[in-house]
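Right, I'll just put the structure down here and ask away after.
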Amino acid sequence: MRRAMLFKSNKWWLIPAFLLAVALPFFVGAYRLQIFIFVITYSLLALAFQLTMRVGLPRFDVAAWWGVGAYTSGMLMLKANMSFWLTLPISVLVSVVLGFAVFSVSVRRGMMVFMMFGMVFALALQQVFGSVKFFGGWGGTPQLPPVTIGSYVLNDKMWIYYLGMALLIFNLGVYQLLYKSRIGRAWSAIGSGLRLASSLGVNVVGYRLANVLVGNAFLALAGSFSVVYQAMIIPTTYGFQQSIYVMMYVVIGGLGFAMAGPIVGALVLTLISESMRAAQQYQPIVTGVITVLIIMFAPWGLLGVLRSRVVSVLQRLLSSRAALPDIPSSLGSPASVTAEEPGKDA
Amino acid sequence: MALLETRGLSKSFGRLEAVKDLDLTVEQGELRGLIGPNGAGKSTVFNLITGFDVPTRGTVWFRGENITNVPAHKIAQKGISRAFQQSYLFMFSTVLENVLVGCHMSSRAGALREFLHTRSARMRDREARNKAMEILDFMGMAHLADEPASSLSHGYQRCLGVAMALACEPTLLLLDEPVTGMNPTESAEMVERIRRIREKGITVILVEHSMEVVMNVCERITVLSYGQKLAEGLPAEIQCNPLVVEAYLGKEEA
Amino acid sequence: MTLQLFLQILVNGLMIGAIYALVASGFTLILGVLQVFNFAQGQFYMLGAFATYAVASVLGAPYVVAILAALAAMALLGILVYFSIIKWTLRYGFFHTMLATVAFGTIVGQAAVLKFGYSTAVVAAVVDKTLALGGVSLNSGKLLVLAGALVVMGLLYWFMRTKIGVAMQACAENREVACLQGINAGKVFWVTMAVGCALCGVAGALVVPVLSASTNMGQLIFLKAIIVVLVGGTGSMAGALLAAFLVGIVESFAFQYVESFAPLVIFALVAILIYFRPGGLLGKPLPIPGQ
């Protein structure tokens, strides 16, 4: 009975996962740790993508807002000699305010316009970063000053890793609080039935806007975080292709898994591409093929496969009624992500 | 002042005039029947009232206020809810969660409080849950609260649609064919519930194909045909109106 | 500004616009009929350009033959993509098909980089005489691209009025009703894929003699097609054609005056349009899922 209870809560794996994450720097060297720092950054990006998927809006401007965070922090440190920690709130503010200006145009026009407008914005923004002298041009900014805590220079990979972990856990905590609240309920409702939600009095545009801006805030934080371990900021890092990879992370991890999906996806894809370092030019092809295969044969992603395996094993073990609910997220079936009656938007 | 009034309401889809110059007046506390052959424009009228469609011409007035171009969620907030003709539910959430979305408007505690799950927010949430359970109980499906909506039988899915609309605490409830596809027992129960909803003081407009049901529960009936009002009056008057009989000829038992 | 310069920029804009029009109308067609957001659209354009290069420059065939070869190859590839990927993901809905095309586009893009590298491939100009018109000289190669694109648009117009074209329009308007009327949706779908991809292939073929082929041209034109579709209205063919020329001309003039800030000008144009005319230039967008 107790065992059944343990497995019934689908959070049991959190404890070993957390311990593993904390212990990681003691197993791997500095070079490997840098890879995991990338994984953290990509997880933050993928989480923001997953957040807006919750309200039925795929976004392809993830990398652009990530760049906004990085450039805000980097420029403030370079030009205004500001402390890194002070730039964090400013970069969140810039991302949210600029995001408000951009998205208040596009969110009310529905999913298609939101998506495409985001791409156009990302294109324009990258051009700005690349062409404006102030930002250092296509070659990147000058060497960034080091990030310090008091007089300690933060350049030990282990502490950077832990900083990233703290950011990730903070992100997950905020999402958890949001998802469990009335706000999260409204978001899920919008994602799985936009017209129905609006007929029940949910302000679709308002809640979508709030959702996208929360995502923007965390993207800016991820951008600022990337300043910690980068020598300089190069505009092409924040291009369209990166946004596409972010989308792949989410789908490979599992679209229905609000928290674990993006992280698992980012982890798996980054490790795969890292293990192919010798044949780097083949890496996008492998990623693409994996994504196609996942979409065709496991539309629920790796976690979806894992879960259905775990469920069937548990069912056999406990030989009682289904131990786990089928799908944890509001997204429901893949089809329901956009299964909307065609017609007028709210 | 009438509760709901439409003046010259019209809607065209391309060349098709789905609703044409409709003047409809519904008083507070009424249980109005809206009938008509398939494609007469009944659902379109509901869409126009609730802000899901923008009328080509004409206006909608609710409690003396023009709500013609008001967005759907604001109309819901003003007190008009609807149950859809298709079983349109949050299929992958549980029954209770579905109704909780219906409680969205009444469980507001402020964004920051909700985010931080403060005591007042948790209390609001508990209240909403209680209210949702009460409504489910009223609809006779409290025992299904934790089932996913997609696993419900057709009859219960229709009930859930009505439950969600009720959770909005409406002044005016629009029901689009609530008993379609139900077996006779379920249908009789639903009719009984519609009566009780009305006794609670909620004004109801009922679209229904089954003449038996409409004649039974409604005290006034409006007949639509090709988007136009054909007749309006007491059930008995409607039943022997030659125009109505003609419109329905070969279609219904009327 | 001299008349010479003005006309040169205008011709340039019209030429780019014509290319945008072909790619964007292919994109809109697939979006409207299949309700698939084809991220790989630009890659067909790129492949079309390289196919033309292969046939014309490497094999040495006449340019017209190369265009037809590019058209046929891209139509076939489109059909192949439909039957191998899209058909199997359609049932999962909009997001999954979109992602499938994203992945396919990434694969094709990188495969092209492996084959051709980052250098550019050029097809010898078909005509390189400058055309002198009353004291104004114009690049006749660009005019030829424009003429070719107009011919293709004429063919497309004719095609949309054939039986299968009408069926495609019916599917775009309302798939269920179309199926009820006895339209074979499966056939319409693969034909749409073929036509949509062939349009991109032709665009790529037309453009190689003037702008050389490079492996990153696909993603660039895809983003341009997105801009065009936003300006023209999602799902509207006529809107896309009109918007393509508008965007082409605006871009061409913006490039002359603000150079690398041209994307910002375009962004502002799109933002203003979406704000004031959500349905695009011509309004009346087709229903697309998930609005």
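Lettered A, B and C in written order, each chain numbered from 1.
The criterion applied here is as follows: a residue touches a chain if its C-beta (ideal position, glycine included) is under 8 Å from a C-beta of that chain, and two chains touch if they have at least 3 such contacts.
Computed from a prediction, not measured in an experiment: that's the story for all the values here.
J.: Please state which pair of chains has more C-beta contact pairs than any other pair.
T.: A-C
J.: Would you identify the chain whose Cα-based centre sits farthest away from the centre of chain B?
T.: Comparing chain centres, C lies farthest from chain B.
J.: What chain sits nearest the middle when you go by CA atom centres?
T.: If we average C-alpha coordinates per chain, A lands closest to the whole-structure average.
J.: Could you please state the distance in Å, as a whole number, between where the Cα atoms of chain A are centred and where those of chain C are centred?
T.: The answer is 31 Å.
J.: Where the CA atoms of chain B average out and where those of chain C average out, how many Å apart are those spots?
T.: 46
J.: What's the distance between the Cα centroids of chain A and chain B, rounded to whole Å?
T.: 40
J.: Taking each residue of chain A in turn, which ones touch at least two of the other chains?
T.: 336, 343-344
J.: Once bound in the complex, which stretches of chain A touch chain C?
T.: Interface residues on the chain A side: 53, 56, 58, 102, 105-106, 108-113, 115-117, 119-121, 123-124, 127-128, 130-131, 194, 240-241, 244, 247-248, 251, 255, 281-282, 284-285, 287-289, 291-292, 295-296, 299, 334-340, 342-345.
J.: Give the list of chain C residues in touch with chain A in this complex.
T.: Chain C residues touching chain A: 37, 39, 85, 88-89, 91-96, 98-100, 102-104, 106-107, 109-111, 113-114, 219, 223, 226-227, 229-230, 234, 259-261, 263-264, 266-267, 270-271, 274-275, 278, 287-291.
J.: Taking the touch rule as given, give the residues of chain A at its contact with chain B in the complex, in rising order.
T.: Spelled out, the residues of chain A in touch with chain B are 177-178, 180-183, 185-186, 188-189, 192-193, 195-204, 210, 325-327, 330-333, 336, 341, 343-344, 346.
J.: Can you list the residues on chain B that touch chain A in the complex?
T.: Touch residues, chain B against chain A: 50, 52-54, 71-73, 76-77, 81-82, 84, 88-93, 97, 100-102, 104-105, 107-109, 111, 114-117, 121, 124-125, 148, 164-165, 167-168.
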